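Order as written gives the chain letters A, B, C, D, E and F; numbering starts at 1 within each chain.
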Amino acid sequence: MSSVTEFNSYREKMNEKILAEDNLVIKRFFNLDQHTYADGALSAKTKEMLGLVASLVLRCDDCVKYHLQQGKALGLNTEELFEILAVGNIVGGSICIPHTRRAVAFWEELSEENKSE
Amino acid sequence: MSSVTEFNSYREKMNEKILAEDNLVIKRFFNLDQHTYADGALSAKTKEMLGLVASLVLRCDDCVKYHLQQGKALGLNTEELFEILAVGNIVGGSICIPHTRRAVAFWEELSEENKSE
Amino acid sequence: MSSVTEFNSYREKMNEKILAEDNLVIKRFFNLDQHTYADGALSAKTKEMLGLVASLVLRCDDCVKYHLQQGKALGLNTEELFEILAVGNIVGGSICIPHTRRAVAFWEELSEENKSE
Amino acid sequence: MSSVTEFNSYREKMNEKILAEDNLVIKRFFNLDQHTYADGALSAKTKEMLGLVASLVLRCDDCVKYHLQQGKALGLNTEELFEILAVGNIVGGSICIPHTRRAVAFWEELSEENKSE
Amino acid sequence: MSSVTEFNSYREKMNEKILAEDNLVIKRFFNLDQHTYADGALSAKTKEMLGLVASLVLRCDDCVKYHLQQGKALGLNTEELFEILAVGNIVGGSICIPHTRRAVAFWEELSEENKSE
Amino acid sequence: MSSVTEFNSYREKMNEKILAEDNLVIKRFFNLDQHTYADGALSAKTKEMLGLVASLVLRCDDCVKYHLQQGKALGLNTEELFEILAVGNIVGGSICIPHTRRAVAFWEELSEENKSE
């Protein structure tokens, strides 16, 4: 199983379990989270870029992975990605570097998945 | 070895090594950390809930696991847990979601351990 | 104008301006934020304590002030408050001390307001 | 003196003092920081939006003010701003709300400055 | 009243109030905090430098002020200070810049106080 | 492959890939990051200690590992290390404890590598 598939299947499995508990606040928050990145005055792609840089400076690897995947599906390219990573590294400092490494490794895996499809 | 056992044995092994170095500040801090969650004006269970939500918003998976374990031993139930997770997610945002997934997975393992005892 | 009144009137004035912009995600999030602390499996008072310690370790003075006010209205007393502050300081470290000072100063002002009512 | 002018004059005065100390790493970092937001694969406006959301989730009021000012100069409008604030609040949680209030207050002052020019 | 005096008198006044509440965990933590920076394998001056950079990257202005004062009393000079600030800015990123400005402003005030003594 | 070797080879492989993308801001930042820890008014060893404590309180395991390695090469000993860890734990709180465990485990591996060379 590729690490992309592994990431997505764990994410889905656990989300299902969480939502099954029927906590109203959590259910609404998960729902709201998804609506946040819809097209509006800013495009969905721009919002995914915002979500990506916010996740990077807060150093949440899984959040970074999620937004990399969404961004790629919306046409984000490697040159744009690196400009986002640059903003994140300057704003958030060298502690973002290990997360940048893992982001680039996941980006590479996403690119290979796309090729083999 | 279950992930609960693995977590606890690594924790104990490393704590022993750390305390063996005889750094007075660290020894006192570890000691003080344990006293923090004792019964007082607030019950030990309430304090474990406070430690849990604080650990979640600071996104420390190992701290979350520790307080889940302590909370369970003190009678915390699943419905209460999800209300704590809800507060954590609202206060700390969607970057807490991956930690929430791992918390719920560990909670499940704790529950299975208890059954098989 | 007392600092409690000043805090609340700025908060209300700005919340109104923010909600007037009609951004659906923000409106729903503000709404959800309020529902988070309602009575459930855990009491509203317990949830305010959770919100307070989460705010302290994330070092958000205004959030701390808000939860102090809500907690006081729900019967939180000074001894309980200090046990929450203790958990926050141990979990979050000495960087929480300046926020603890400001929390205690605001708590004192809240207590004086109550007397003079 | 308006709070916008006050913010900018303090910023400039202190930057001058800092750069006058001739610490090479700091000088290069300040320089690099400015180059980060130049037009590239992504426009300067998009990069300012990225800097803004990163500053918001890291809860740096002065950084938020700076990027609001830069964004406004590059054509950022209020509807777009609120979508950025929405992403920041969802990713970073309710601890971002007090910073959102101050961001919106500063945005209002920036808008009034522009009118009176 | 200079801002140095104001900082110290607020700090002392609130510390007294906090310690007067007799919460054992908080009292021990405040006590332990002071012992942390005593001479040992590393000199007190080196430890103050460590406390300073840790406070800067965690962006705690009051903590930074405290360690600037302690560092100055132990012989920290301006060139050394700027090398610490450089490490902090690189590790913690551009969100540390506003805190660096305030640190340098406070350092200047400390230097003037010393002259006029 | 030891975990020290694994850490270093992943780090190098990914750094190469990142630098190969030719993003000027990232390249300069990586370069500046290396210059930050050079001998100056403060020794390289002192700067590595500053980088270490900053990484610990920001809870970046990979950054901690890197500075442990650099520190060891510059003569940092175990007693000094524990005083740095003590400062980090007091400043950053008990959420630093799991990172302290992993730091001490990596330190042990570094020490064993040195012996077997």
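Criterion: a contact is a pair of C-beta atoms (placed from the backbone, for glycine too) under 8 Å apart; a residue touches a chain by one contact, two chains touch by 3 or more.
These numbers were taken from a predicted model, which means no experiment stands behind them.
Asker: Quick check: more C-beta contact pairs at D-F or at D-E?
Answerer: Spelling it out, more C-beta pairs touch across D-E than across the other pair.
Asker: Which chain has its C-alpha centroid at the greatest distance from the C-alpha centroid of chain A?
Answerer: Most distant chain from chain A: E.
Asker: Pick from B-C, A-D or C-F: which pair repeats the contacts of A-E, with over half of them the same residue pairs?
Answerer: C-F
Asker: Let me have the rounded angstrom distance from the C-alpha centre of chain C over to the C-alpha centre of chain D, please.
Answerer: 27
Asker: Counting in whole Å, what is the centre-to-centre distance of chain E and chain F, each centre being its mean C-alpha position?
Answerer: 24
Asker: Just curious, how far off is chain C from chain A if you go by their C-alpha centres, in Å?
Answerer: Chain A and chain C have C-alpha centres separated by 31 Å.
Asker: Which residues does chain D have that touch at least 2 chains other than itself?
Answerer: In chain D, residues 25, 29, 32-33, 36, 55, 57-58, 63, 79, 82-83, 86, 89-92, 94-95 touch at least two other chains, as defined above.
Asker: Please classify the inter-chain touch graph. Allowed labels: line, ring, star, complete, other.
Answerer: complete
Asker: So in the complex, the part of chain E that touches chain F is made up of which residues?
Answerer: On the chain E side, the touching residues are 32-33, 36-37, 40-42, 46-47, 49-51, 53-58, 63, 77, 79-80, 82-84, 86-88, 90-92.
Asker: Going by the contact rule set out above, which residues of chain A touch chain C in the complex?
Answerer: It comes out as residues 24-25, 28-29, 32, 35-36.
Asker: Tell me, which parts of chain C touch chain D in their complex?
Answerer: Against chain D, the touching part of chain C is residues 10-11, 14-15, 17-18, 21, 23, 25-26, 29-30, 33, 55, 58, 60-63.
Asker: List the residues on chain A that touch chain F in their complex, please.
Answerer: 59, 78-79, 82-83, 85-86, 89-90, 94-95, 97-98, 100-102, 104-105, 108
Asker: Applying the document's contact rule, which stretches of chain F touch chain C when the two form their complex?
Answerer: 57, 89-96
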